[in-house]
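Below, subunit A partners subunit B and then partners subunit C, in two separate complexes.
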Partner chain A sequence: MKDINIVIEMCGSAGEGTISAGEILSRFMSAQGYEIMSFDSYPAEIRGFGKCVAHTRISSDPIYSPGKLADVLIALNDNHSISQLSALKNQGILIYDSQPARPHEEDKSVLGWVDPGIITYGIPLTMLAHRAAGSARGRNMVALGAIAAIFHMDKAGFTQSIEDRYSKKKKIVIDSNVNSFLEGFEWATKHIEKIDSFSFEGVTMPLQDEKLIINGNQLVARAALDANLKFYAGYPITPATKIMEILSKELPRHGGILLQTEDEIAAIGAVVGAGFGGIRAMTATSGPGFALMTEFTGLSVMAEVPAVIINSQRGGPSTGIPTKTEQSDFNAALSGGTGDCPRVVLAPTDTYSCYQAIVLALYLAEKYQTLVVVLLDFFLSNSIRNIDTPEKPSESLLNANIAPQPEELENYQRYKITETGISPRTIPGTPGGIFFSTGLEHDEYGRPNYSDKGHLKMTEKRFKKHGAVLSEAPAPQISEFDGETADIGVISWGSSAGAAREAVMLARKEGISAASFSSMMLSPFPEKELIGFSDKCKKLLVPELNFGGQFANFATHIIKRPLERLNFITGRPMASEDILEKMREM
Partner chain B sequence: MPSYDHYVILGNGPAGNNAASFLRENDKDAKITIISDENIPFYYKPGLTRYVTGDLAVSDLLVESLPSYRERNIRLRLGQIVDKIDPEQKIVFLRHKENVHYTKLVIASGSRARVLPSMRGYAQCLKHITTYNEVMEFKDQIQAANDFFIFGGDLVGFKFIKMLGSMGKKVTLLIYPNAFWPFTLTHEMQTTIASNLEKSGVEIIVGDDIHRIIEKENAYVVKTVKGMEKKVDMVFSFNGMIPSVDFAKGCGLDIDRGILVNETMQTNVPDIYACGSCAQIYNPDINSYTTSIGWPNAVVQGEVTAMNLLGDHKVIESAGRKYFDLEGVKIKTTWWEDIEESSSI
Partner chain C sequence: METIKSDYLDERLDQVRAKDFLKYRSGDLPTWCPGCGYFGIMDALYKACRELELKHEDICTISGIGCSGRTPIFINSYGFHTLHGRSIPVATGLKLAREDLTVFAVAGDGDALGIGGGHLPHVARKNIDITFLLFDNSIYGLTKGQSSSTTPHEMKTNSHPAGNPDTPLNPIKLALAYGASFVARGYAGDPEGMKTIIKQGIQHKGFSFIQILTPCVTFDKTNRTWKNLKENVYNLNLHTQADNMETAMRAAENEPFGVGLFFQDKDRLSYQDILRGLNR
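What follows is the complex of A and B.
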């Protein structure tokens, strides 16, 4: 059977419909049965006409990373697309507006920067959009029409996807978009002499169940609602805002409350307060907001109050690079703040596992009465996948509070020392369950106690929970070994895990003996499994999106042997191509 | 003192590249742009016959790589077609709707295959070996083809015939006395060339002309005026080159066959120079303009042009630069003397 694997990027200016065109392409391809992975990058500034890129990888085979370089670049805006040429493959295809409304000034034309080897298809995008709908607004749809013709995509199916996308709009909007698409399709069919080899013709996809087309942020919100979230407090921040935006509509419908606070400190304060009150609560933020929350994270751990923080990482430190992805909050998530402050940290490795991570986070926070941090990143938050609809959480995951037995209430010790470190918790209002709760070190009753023995006892208690948490953690994802051992073991975390997995698969096809390891659970960490994995690998590689190798440093202490590092802070997601290249060098 | 000049060079051959290199060496701050309609960096055009017959790889043709331009801070625009020039505003208009501003312009656009007026009706049937872009279109066909019809001759044509011979291909040559346009072969020269080629198995037709070419079932039927008919796989025309200057017409530049320049390579329009085979250079000895061919000539002209752009007043030499041995006939390329003069043979 013929297969296809293609990365298409559309680059335009904010307001040109770049992102919506990318979304339509993704939805159409998903409906056709292809695997898709897409993500958008857009300017950090709220106002202005910054550069937008809609990146979509489409494949007839399973895919785990978005693809480093594009096969096709559609330039809706020449000026912005010039810098995007560096992300186009050497033999890639450039689709550009051959009849712009006015000539480009020197060096402002994308075609003026094209290197030999690039195939160029000039389409009069502006002219055709005017002809179809009387304005240049439909250039994005003309471009979609052109690629549909050039790459032999299903015209009727694509048209239907456009109609679906605008089904809630007025008829004139639907017609304008459809007509623009058809104009581009007809023009390209008639005028483009195809010299590339990409074609969807003859690629027959097996019929599949209907997929859920969703990004990480949307799935986080959905998971939170399914996992009985009842309170959300937050302050908007890229790339986490979408979670709050969705919950602001949906949470009240599910019997919950959303509170937009004046800043992140207030948000985490409210979440800890709600947790103290006995309901499931969370907040979502990014690096700068997470930094502000530090003091309350300590309170959550010390007072043993459930709290969930989602930190969708972006380029840092400080305000950093708001719309670029990075994995540089690993250290802050695991050890940010003061004192010996054990917390649970989860990092989903793909879109699907965002759902599992949130369900698990709310469950663990409630059961273990502690802080749970979920590390997303810009890429995971925004990349769109077509996935199977996740199964809703079981009842046991929805109500995890361990309440005291009636006899325990007679002399109620809120911070009772137990085998697991979990002390039965009364919800305020429980008869006989009154207790002190403070950020000060305390005894079993919650009364301040500064003795060295008391502090040691309580610190040990708080750390003791880790062992129990680990027993409930999902097992690390370890690829099968070709034999007993592998020449190269790739250890990864978070959104880089997909690229690592794909790189290992590609390496094996090249005859490189390789295996991969990733764990959603970062704290507590499945150390035994990592040591077992590393013992079977001659060399180890840790690819991650930060400069200092934060996870690599962490892993080195566990496995106690040197490892190779691959670090990028380009703002782009990890690419399997880069990992594979490094593996070849090793 | 920093220079703010923007030297725009139209053409990526030996003249244009030599001018660019010399300018960069002597003016570190200027912006230098080379614009070429071909999609390949500077390559050795005389090697095209060997490339097209599979004797050379494309990497063997390349004279400069893309990184070398970046290292020297020379902006190379490839695959970009110049539509016209506006000397008043000092703008070069590119076909893809981009306007490039210059302070000094060098036209080194080279030349293209000359199609005889009588052959224009059959132009779509004819193949030429003048540019990389052209030969890329039929390179693969050459390997598969067996019978070739070539009319004209010229230097490139004779090289090609030799290469086809070495590949065991069957070649018919209809030789034209004026295939070396703007020079004309004498009867004596023609006879010598024909005799030498026949010895190597080439079928020679002299004193005839093409009547018709008919495309038929992936082949061509060539009919001559004298009634000869030949079915072949490919038809090539080698009738010399003519300056490639259409884009410059109507902008105020004096153009005859090529762009007319004085002995310092300057055109009649301030800040515009021309060099290489697109230029017709004034020769005070004969009080006329002549064109030149050949790589060495282009190199020298590019350098002289660059010198004068930088403020020198260098006059181009009037000596021929290279002798070609054409099937036993020695021809000196020159832009001054007529080919029929004894000193050139």
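What follows is the complex of A and C.
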């Protein structure tokens, strides 16, 4: 059966419709039954003519990473596209404007910079846009029409997707976009002599239910609402702000409250307050905000009050690189703060598992009366996937608080030591259940107590929860082994896990014996499973998006043997190509 | 001897309990210094709760860190001793989550105006329906006598032995400027007067700011002493025109020892009422 796997990038200047054209392409391809993963990059500044890139990977097979290099670069803006050529494959295809409004000086034309081997298709984008709709604004649609013709995409379906995208606009807007698309399609059909081999013709995708086209932030908000979130407090910060914006609209409709606070300390403070009140509450932030929230992590764990913090990691430290992706808050999430402070840390490994992670986070925080940190990153927050609509959480995941039995209220011990470390918890308003919580070390009644034995007992109690959490945590994802063992085992976490999994699949096709391991659960960590995995691998590799190898250091402590590292801080998501190259060298 | 002493105490406690005075008091004995003004504040708080017939389980007392931080331990209600300076955000989240509860936020002068000073403007302008009690003894007590945000200029303290170089904040002026809808001052030596103010604060729908003048008998021997307070404190009697911001500001500036209600805006909607209006 014929298949296809192609990465298309459109590069333009802010305001040229680059991002919306990418979105239409993604929606159209998803409707056609293909898997898509797209990731836009745009400047951190709001105004100006910064460089925008809409990166879309389309495949007839499952996708695990966005693809490092593009097969096709559509240059809406020559100047910006010159710097984007480095992300085009050696044998890639460049589509450029052959009749720009003003002729370029030689060194400003993208065509002047292409390496031999690149296939170039010149399309008079500006001229055709004028012909179709009387202005240059439709150049992005002309370009879509051209690639539809060149790569034999379904013209009628594509037209429909454009109509759908602008369905709420005036008819003239719909018509000019559709006409521009058709103009590009007709022109390319007539004039382009195809010398590449990409074609969607003959690729048949099975009919399926309409997929959800969604990014991580949107899915997080959806999951939180489905998981009975009733309170959100937050402070704007890239790349987490969108979660707050979606919830600001949706929470009131779901009987909840959204509070925009004066800073991140107040945000987590209010979340802890709401958690003390017995409702599900969370906040979302990024590095600088997480640093501020650290003071409350200890209180949540010590006073045993449910709280969920989402940290969508960006480039750090300090203000760092706000619009680039990185995985450098692993250490901060696992151990930020002071004292022996066991908390739960989850990191979804792909867009789909963002949903599962949030449902689980709110459940675990409530049941275990503790802090749960969910690590996303800029890439997971913003990259768009088409996924099956997730199943709503079951009732048992929605009501997790363990309340005391009536007889336990006779001499109520809020911090009673139990097998699991969970002490039955009353919520304010419960007659006879009055208690006092404190960040001071305390006895089983909650009264301040600084005795050495008491401190040890209560610390052990708080650590006990880890064992219980692990017993109901999702198992790590471990790939199949070719035989009993593998030459290379790739251990990964967070958004790098997809690229790692893909790299292992590609390596095995090349005859390299390899296997992969990733775990959504970072704290407590499934140590036994990791040791079991590493025992079956001759060499180990940890790819991650930070400089110091934070997770690699952590893993070394568990498996007690050296491992190879692959670290990038380029601001781009992990690429399977890079991992594969490293595996070949190993 | 020990037994006799404890028997005696138990007996006395039973007698007082029979009179219902200790209904809102918890079983734990306060750890404050003998003669501390906070005992008077607690007395007023217990009485206010009793007279309003609040159910114990519907009261939540949230505190920060410092001598005032221990307050929730000594009141028979749900209590949460949080972080230094953070009683306001925690109380805010709790009240928004549970509108049915009466929420007290308690803080000292270091707690509320120093480390937690950034939260005060926002709880005031949002008009969160909590009652905020500022235990203002103008010194850091629990860390043993350093200057706080309300320590007088040039007063000698353990952090400024040559005299405090800073100009003190005026808490009432701040609360008024931040837009608090209820601003009052009480005096730890006058539990009856304070009780009335706290009751008004609880009943006020919105953010109630109550500064309480209280001595630190251990670390302040010169400024806010019982003697000075007794000699200087008087009733403001602004009640008839408590909706007048100009009068309130003038009193805040000129009457540092005047106690009573400075300002109240009864018409202003609380945060939750505003949300209900906006989301209708």
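The criterion applied here is as follows: the second predicted complex is superposed on the first by the 583 of 586 C-alpha atoms of A that agree within 3 Å, B and C clash if a C-alpha of one lies under 4 Å from a C-alpha of the other, contacts with A are read in each partner's own complex, and residues count from 1 in each chain.
Definition applied: a residue touches a chain if its C-beta (ideal position, glycine included) is under 8 Å from a C-beta of that chain, and two chains touch if they have at least 3 such contacts.
This one's a predicted model, so the numbers in the text were calculated from it and none came from an experiment.
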* Asked: subunit A superposed: clash or fit between subunit B and subunit C?
  -> fit
* Give one of first, second, both or neither to describe whether A:Val271 is in contact with subunit B, with subunit C, with both, or with none. => second
* Report for A:Phe231: first if it touches subunit B alone, second if subunit C alone, otherwise both or neither. => second
* Structure fact -> subunit A contact check, subunit B vs subunit C, more residues touched by chain C
* Determine, under the contact definition given at the top, whether A:Gly157 touches first (subunit B), second (subunit C), both, or neither. => neither
* To do: Would you sort A:Ile279 into first (subunit B), second (subunit C), both or neither based on which partner it touches?
  => second
* Pick one for A:Gly122: touches subunit B only (first), subunit C only (second), both, or neither. => first
* Asked: First (subunit B), second (subunit C), both or neither: which does A:Gly134 touch?
  -> neither
* Asked: Does the superposition put A:Pro428 against subunit B (first), subunit C (second), both, or neither?
  -> second
* Asked: At the CA centre of subunit A, how far apart in angle are the CA centres of subunit B and subunit C, to the nearest 10 degrees?
  -> 140
* Structure fact -> After fitting on chain A, the minimum C-alpha spacing between subunit B and subunit C in angstrom comes out at 55
* Asked: What residues of subunit A sit close enough to touch subunit C in their complex?
  -> 230-231, 233, 252, 257, 259, 261-263, 265-279, 281, 295-296, 299, 303, 305, 428-440, 447-448
* Interfacial residue positions of subunit C with respect to subunit A in the complex -> 26, 28, 55-58, 60, 62, 72-73, 76-83, 86, 88-98, 100-101, 118-119, 121-122, 272, 275, 279
* Parts of subunit A lying in touch with subunit B, wherever the complex brings them together -> 96, 98-100, 102-106, 108-109, 111-112, 114-117, 120, 122
* Asked: Considering the complex alone, what residue numbers of subunit B touch subunit A?
  -> 39-41, 66, 77-80, 93-94, 96-101
